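One chain, chain A, appears in both complexes that follow, with chain B as partner in the first and chain C in the second.
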Partner chain A sequence: MLVMGEVHTGLLQNSGEISESTCRQVLGITAGETVRVSRRPIVHALSPERLTGVDCTLPAASRSRVRGVGTVVSRCAVTGGRVAQGSSYVRVVRSEADRRLPWSHYLARPGVVEVLGKAKAADLAEGFTGDPTPGSPDGACLNLGAVSGRFLDLVQASPLLDRRAPFKIPRTSLRWVAETGEPSIRFTLHTEQERTLRLTHPGPFTPAVVDLCEDLATHDWLLTSLLVIVERARIGTTPGAAAVARLAPAIDHLLHLWMPAARVEEWLTPFWDSLERRPGFTRQWRSLVDRVRDQVAVNTLALLSASAETGRR
Partner chain B sequence: MTPVHATFGEVAAERRIASVPLSHVSVELGHLYMEDFEAGPARLREQFRKVAPWLATVRSLWRERVPGGRARVSTCFLVDDYFSRFSTPAELVPMVLDAAAEHDLTIDYLARESACAQSDGVELARLVEDRLVDDPPPETDGSRPPVKETGWLCNGSRSPRTAPVQAMGKARPWEPPAQNAKRGHSIFVDVELWDERGPRRTWSCPFLAAVWQLLRLGLLRSDGRVPLPPVTLDGGWPRDWDELPAVVRLDPQAAPFSAYTTLSVLSPRFLPVELAVRTILSQVAVDDEVLRQVAGRSEGEGVRLEEELVDRISYVFV
Partner chain C sequence: MLVFAISDKGGTGRSVTGTNIVYRHALQGNDVCYLDYDFGSPTAGAIFSVSGVARGTRQNGLHEYLRGECPQPRRVDVWAESDREGLRTRPPGAGRLVLLPGSEGGGELSALTDEIIGRCVQLFGRLEEEFDLCMIDVSAGRSFTAELVLAATVRMPAVPFRWLVFHRWTRQHIIAAAGLVTGADGLLDVGTRFGHDADDLRDRIRYVRTAVLEPDSAELVGLRDEQRAWLSACDSELRELAGRHSVGRTAMLGKIPLDPVLQWREQLITDEDVLASKIANAETAAAFDELAKKIVDDNAWEGL
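Then we have the complex of A and B:
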């Protein structure tokens, strides 16, 4: 029917970036399973996948009661030794039975949640990505955010991290829904930290779609964080040197991390490309980076002319 | 110039999962505990006498099922060297083999129970523990981590704790536990997986038996490799259990150790243990890729396998 997921992204709680071997240890969350690491064009480490069992109501815009039983797939990732993610998703399918089956049935289909009874894909997609409707739904409703949040916590709580992050920046969450159909993508900013993504892709779902969503989440977090840092620097109202000092963490820790679509399979790159045209993630990123660098340049010039002035006296 | 299509790969970024040779069925001819050993060879002979007709039946059933009648059946025998150490391989193994031979039984593979906990630097039990996915009671929405009683695993919701009556409080009446996938009424099972005394963890018999089943089904991997492949022994039987490889191949011509399905011929006194084993196995998430490998292979030779792994395990209680 559809696939829904949620990615939580945050700054790794460590003073500097961590090495590839530390990444492997931090993300080694299952015995006997290897952490996958790719080094080009940016170091990206991905934990083994783990499952969480659920039996609850699924979000539906119509607020009809739809029961789903199955497992959520989750994993953690660290990009550039600096950005941490917890990511979860479920493939929602119709159950052939109208009652809950023995648990071994669901474990034979990892990452699938089976819907007991009637449900419409559009209703669930709206329910999951739409703004929460007032009034709590009857019974417990699938909370992928909590699952992803716990996997991000798992990384952040690693004893290998010194928990002295260079700056404070909020986590962002990206809820996504993927369906098969005519290609389209819709990225929506809700509150400061909440984003949703509706994706329609040709052909059946593959985990490459999850990679795309995680890649978008990483870059949206980078952009959001850089905006926050630039805003905090209060360029123009604070003295140049002070503004530059506030911008320094971005130079040290963020600017080199921008690698859009680096890990996205070729057939999915048109989705990134269309987001690059509107709203233009890279365009905004470049303009921000230019702003940061211009501030540094102007401040350097000011310092140089000040010292030349002192020299002439 | 025409556009060049570039391909770039990184070995460390891929998952490589080894495949394992598979028989059609792995038959466990027996499981030897100290008490059986102490009862003497007569007890063993009695066990093999009971097993023999069932092995013959299984062979003929699979010959009918497999196109061309070329059924691959391997037999195995498990010796407990984990819960109690007794005798030595040099003394015990020939006795077991002789007793089997009296009933025209060939043991293809001999395994040590402690290997299911740890062997050759691979902690199989930990590996399986990390792959447990708790059977969620209704209203489990992921907002909280699964309710766990450390070291225990159940098939439903436990009875709420009944606290002792406080001076002013009211005693809470007992509420029953409930099985998640009950049909009308519950059969609630709560299994102890391990206990710890100081730093030492002792895995429970059902947990190790669950690992043993997974090993026989060829469904375990450690860093993508097949753990504890059978070893042919050069020279005689060692005098110490620790010197014996985890799984020993006794017949070089034997069909592969792991199989699509397993059959265990056991005394009915093991019934509660096997209920516990099934409770554990129905909460083990086997690697997706491994499941696909096995499914692909069996389909390739025209054998339809049960989807759920607990349905690939069968028993004869005699």
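Then we have the complex of A and C:
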């Protein structure tokens, strides 16, 4: 029917970036299973996948009660030794039975949630990506964000991290729905930290779609965070040196991490391309980066001419 | 940085002082949040003038979150949701100012379970990622809430935290504040039982005197000489008493003068209250401002 997932992204709670081998240890949450690492064009480490059993209502825009039983797949990732993620998703399918089956049945289908009774894909997609209905914090409803958040917590609480992150910054969450059909992509900003993505792709679902969503989430977080840091610097209203001091953490820790579509399979790159046209992630990123570098340059010039001045006197 | 605000008695000015410190810290350009863990009397909403949560929130309050009844506690953006005109726009250069209200009619925690401690650890960990300062109003006296945060901080050894003990400048309050820290079942006692190092924990605790009437303050100008002399003698007696109980100058982070506005109403003191309407004293605002700086100034927290 459809696939839904949620990615939470945040700044790894460490003073500096961590090495590839530390990444492996931080993400090797269960001994014996290996962490997958790719090195080019940026070090990206992905934890083994874990399953969480669920038997709960699924979010439906019509607010009809749809029961789903199965397992959620989750994993953690660290990009560039600096950006941490917790990511979960489920493939929602119709159950062939009209009642709950033994757990062995669901465990044999990792990442699949079977819907008992009637449900429409569009209703679920709307329910999952729409604004949560006010006054229904329903704890019994599928909450992929809670699962992803906990996986991100696991990474952040690793004893290998010193928890002295160079700046404070909120996590962002990207809730996504993927379906098969005529290709289209829609990325929406909700509150300061919440985003949704509706994706229709040709051909059947593969885990490469999850990679795409995680890649988008990483870059959206980078962009969001750089915007916050630039805003905090109050360029133009604070003295140049103070503004540059506030921009420094971005230069040290974020600017080199921008690698859009680096881990996206060939057949999915058109989706990134389309987001590059509108809303234009890289365009906005570049203009911010230029702004940061210009500030540094202007401030350096000011310092140089000031010291030349004192030299002459 | 997590900062726990506690006092031995209710009505000492813990909430009013804590919220004002947090407000000043936000004005100084930091992202801050205030957690109302005073489950028996969650009044922080009223002090921030957010009428919808004046006595806590009906849904998704901290109490519910800790009991596992909601996935995340509600957050109130004070700059957006305050009813006070002077608070409703974020001043240029100010950081975020977020309130996590308690649950309306929630009641004190009646037990401490491993699940509750786990949820508390999760919440502190996440907030510490995004806020420069998280102030937690731990309520008055020895409570499960105090035990909860002592247990939680043991589980997150790399997360920095500090304690502020609020007390008034009277015999009873000085003795009570000292007892809350060093007495039986006090912070140090319970803290070490949960696994804190006593010396390390002691170094993280400072006292804040509230509603202090200085013998030379403007409020006392009309007093007779005899009265002033008597007050002066009282004050030195209290200073001597405080020193003997290790609540003296070295262990004190700051003091807030008695302010007519705060005596009449629990509220934030804005610069407008001082400069435009002139209802509050400039010294009060300055004292909050200084405390807001000292709270993160390592020099003020060197080992005693």
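Basically, the second predicted complex is superposed on the first by the 309 of 313 C-alpha atoms of A that agree within 3 Å, B and C clash if a C-alpha of one lies under 4 Å from a C-alpha of the other, contacts with A are read in each partner's own complex, and residues count from 1 in each chain.
Please note the rule applied: a contact is a pair of C-beta atoms (placed from the backbone, for glycine too) under 8 Å apart; a residue touches a chain by one contact, two chains touch by 3 or more.
In this text the structure is predicted, and so the values were computed from the model without any measurement.
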Just from the overlay, do chain B and chain C fit on chain A, or is there a clash?
fit
Which of the two partners, first being chain B and second being chain C, lies in contact with A:234: first, second, both, or neither?
second
Applying the touch criterion given at the start, work out whether A:55 contacts chain B, chain C, both or neither, answering first, second, both or neither.
first
So in the superposed three-chain picture, is A:153 touching just chain B, just chain C, both, or none of them (first/second/both/neither)?
second
After the fit on chain A, how big is the angle at chain A between chain B and chain C, using C-alpha centres and going to the nearest 10 degrees?
100
More residues of chain A are touched by which chain, chain B or chain C?
B
Looking at A:107 after the superposition, I want to know if it touches chain B, chain C, both of them or none. Which is it: first, second, both, neither?
first
If you stack the two complexes on chain A, which partner ends up touching A:40: first (chain B), second (chain C), both, or neither?
first
Regarding the shared-chain residue A:140, is it in contact with chain B (first), chain C (second), both, or neither?
first
State whether A:80 touches chain B only (first), chain C only (second), both chains, or neither.
neither
Regarding the shared-chain residue A:127, is it in contact with chain B (first), chain C (second), both, or neither?
neither
Touching partner for A:163 - first (chain B), second (chain C), both, neither:
second
Give me, in Å and rounded to a whole number, the least C-alpha distance separating chain B from chain C in the superposition.
6
List the residues of chain A that touch chain B in one complex and chain C in the other.
139, 143, 146, 150
Contacting residues of chain A [partner chain B, same complex]
30-34, 36-40, 44, 51-57, 69, 71-72, 88, 100-105, 107-108, 110-111, 139-144, 146-147, 150
Residue positions on chain B within touch of chain A in the complex are 8, 10, 12-15, 122-123, 126-127, 129-131, 133-146, 155, 180-181, 220-224, 227, 281-286, 288, 291, 307-311
Can you check the complex and tell me which residues of chain C touch chain A?
29, 31, 59-60, 69-72, 92-93, 95, 122, 125-126, 128-132, 156, 158-159
Given the complex, residues on chain A that touch chain C span 10-11, 13, 135, 137, 139, 143, 145-146, 149-150, 153, 156-157, 159, 161-165, 168-171, 232, 234, 237-238
